[in-house]
Amino acid sequence: MPISEQGYTHWTGTFAERRFPWWPITRLGIRMAFKRKFFKFAFAVSFLPAVIFAAGIYISERLEDFQFMFRGRRGSTTFLEVNPAYFRSYFGGDFLLFMMVMIMVLAGAGLIADDLKSNSLQLYFSRPIRKRDYLLGKMSTLAFFLLLYTLVPGVLFILLKLIFAGSLKLIAHYPWIPLAVVLDSLLITLFFTFYTLLISSLSRNRRYTAILLFLVYLFSDIFFGIFYGIFRKPGFCLLSIKANLQQVAAALFRVKPAFEVPWIYSFLILAGIALACGLVLVRKTRGVEVIR
Amino acid sequence: MNIELKDLRFNYGKIQALSGVELSLGDGACGLLGPNGAGKSTLLRILLGFLKPDRGEGRVLGYDIRRDQFAIRRLVGYMPEDDCLIPGLDAVTFTAYFGELSGMPRQEAMKRAHDVLFYVGLGEARYRSLETYSAGMKQRLKLAQALVHDPKLLFLDEPTSNLDPQGRTEILELIKDISSKKDISVLISSHILTDIEYTCSYVVILNQGKVAAQGDIEALKEIRFSLYEIKTKGESAAFLRGLRDRGCKVEETEDQVLKVYLPADMPRREIFEAAVRENVQIRMFLKSRTSLEDLFARTVGVD
Amino acid sequence: MMAVIRAEKLSKWYGNVLGLSDVTLEIGPGITGLLGPNGAGKSTFMKLLMGQLRPSIGRVTIRGADVWNNTELFADIGFCPEQDAFYDELTGWEFVVRLLSLYGFSRADAASKAERALQFVELTKDKDRPLRGYSRGMRQRLKIAQTLAHEPGIIILDEPLNGLDPLSKRKVIRLIKEFRDAGKTVLVSSHVLPEIEALTRSIVLLHQGKILAQGDIPYIRDLIEKHPHKISVKSSDPRALAASLVSQASVQNIQFGPEPGTVVFETGDRDTLFGLLPRLIVDRGIEIEEITSPDDNLQAVFDYLVGT
């Protein structure tokens, strides 16, 4: 046929059986995150602790070269030792945790809120994807960023130390570090993922959810500060999300925690919050598939 | 048969939304009509798999509506009534995204998105952010995402709502074009009877949770035998007298339309002969049929 | 026909953006349809009519009195907006009564007017139910009740048939015709042209802020010379018919189809053509099934004027 038919043509391809049918959702979430104002900035700035700590690892191996920095402390090797406390300082760093909340706010506040607002859930669920896939897709967007700041730097630090030291001394002395890196990354990632996703599903308005995300985190710490200031009891650290995360990080790296409180309490609180978020999320989205 | 439903029932708590729907739909374009609250949206939701029926069975394109929802969703396209577009994206990204979620490989989805966007007339605008789209363009984009995975069955929910006359014409033309392809069947839920008459050949009327009437539109619109609607110009008094003398019953309605009942033995030609005799122009000549609106009123209830 | 509403050189700008430009028209009693594409200026025009906006140039008068800032006139105008903005906890009754009280009616007065209005729209038996339980059709009728409860002489309806099922539409069309029969002035705006045609033959067509056409639909159609009228004849012998007429000067174009047995003539002179037709039919012995004018409707008028 010399002239090809204009107008509607049928698609002659075949459907693909994806192992992760939710992968396009994750990709879109990441892409939309980068479109947010300030996100690129926050994204870059959040790497700062990782960069600094990586540099620190380099410096720690070349202490001799940097002797000039330590004029008053000749022969001191205790400064800048890469040990579990070093890792814990990274994973429990105030700045890092704060930046991760910022990333959650920028990338995550709208994940479900925007879909609720634009009413696009009916388009999603008219496709062959399960509610579970939808949530997994969204969660993976968040997990992507969170792991980028936890697991990736953690593993990188271990590798760098091994490379620069030229020996397996780190692992020999502190064999629990790799496992701790993985576990703490997972903890932080899972916690923030559930926390963010639930809050994002609470409202159609991205600004409210963003504010809520930020304030809950902030206020938990403020309350802790207030009560601690009044009563001077370390138990109040359980009120603060940040403190809880730091306690568990310390426990995982087998370092003395900041507060004299059994770490298991912190862990249970975090797990409890994450679980509650998960349950409410599942309950909430049960109604979501049914339009209007 | 594309859609087969047997004794479908669904309740929202105490409210009976569907109370025994029996339906058998084949290929072609079908209009779904009914008063508000008749169960149209509930029916659509069950067909799409958003809801599971309390009782009864159904098959869409041969797949069971309870067990094989994923298979159904691959083959069905849905154009919702209300706004559902994701802001911040351009049309191609948006369409390709939903193509992928339907199960198409990424490159295929992208290629197909372009094709479909050209087809619905958004070719020029497809790289623009969809917040800049007019209402008519948004409707066409919704249609595009329903078509991207090449469905066999399309569900359109109020496709012309909130469109101005140009937008309406454009969408109706598209729908007519799609449904004229023998291998895509269309189910349109709409309140605008002229739209349904323009695009569909078959109609299903729901009322109070049941199917109140279904059939070919042409067949359902009975011809009232020997009743003709005529418009004339000229001195019609003598013309009417002439007709009445021959045994016709003539009624004048508003809008200057004459309803002429022709006796069984009288050929139509006699009307024209009378017109020639009395020097009257016949500007409209139609066999009177019940309108779709009359059919709806008769089926659904007292007016 | 005495003009009730008069607009003189009415123009309105929002900053740079044109709303309405140099609109002069008169609207009298009866139903007038207000049409136009989105952005043509319909809502601007309606707001100016109701005194909600101040004209940039020109004026709007109702029965001779300027509308802007004239609160007395507001009591004579009823407006039925397009949006669905209700207080869901109120009952239908409460809703109408409270809005009435805004007009300054006494409690007793408001009650009796509300009763009448609800009766008019056939919502009496649902008047004590909260609004959240109302169906779309009921909400629309309630809006109409609220529009005419204070017995205005002028009623402006913006897309009153939107979202209604065909039966409710019939009811509302009947109601609107009842206002007209009571001598009121009704202005109806809608996008669905066949529905406007069911209501009235008198229209105002706005486009890009200006009046594109105003008047009787057939009259306007006749004025559109660029598009000759189409006459479609379905018969037993379309070709014989075509052959007989092809030599006529009044026939500009002949097309066959699309339905079998159909031939469509385009003519600028319907009188001559229709004058010839009956004689031709009788002389040739052609069996006629149908004679129609496919583009003698509002949709065609709109398309020809606004044009894609």
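Lettered A, B and C in written order, each chain numbered from 1.
Just so it is clear, a contact is a pair of C-beta atoms (placed from the backbone, for glycine too) under 8 Å apart; a residue touches a chain by one contact, two chains touch by 3 or more.
Since the model is a prediction, treat every value here as computed from it, not as a measurement.
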Distance-to-centre winner among chains (Cα means, whole assembly as reference): B
Of all other chains, the one whose Cα centre sits farthest from chain A: C
Whole-Å separation of chain centres (CA-atom averages), chain B against chain C: 23
Between chain A and chain C, centroid-to-centroid distance (C-alpha), Å: 59
Separation of chain A from chain B, taking each centre as the mean of its C-alpha atoms, in whole Å: 50
Of all residues in chain C, those that touch chain B in their complex: 35-38, 135-137, 162-171, 191-195, 270-271, 274-275, 277-279, 281-282, 285, 287-293, 299, 302-303, 306, 308
Contacting residues of chain B [partner chain A, same complex]: 41, 45, 48-51, 69-71, 73-74, 76-78, 80, 82-88, 97-98, 100-106, 108, 112, 115, 119, 145, 147, 149-150, 177-178, 181, 183-184
In the complex with chain B, residue positions of chain A that touch it: 7-11, 13, 15-18, 21, 24-25, 28, 32, 35, 114-115, 118-120, 122-129, 289-292
Chain B to chain C touching residues, read off their complex: 33-38, 134-135, 161-170, 191-194, 233, 268-269, 272-273, 275-276, 280-287, 292-293, 296-297, 300-301, 303
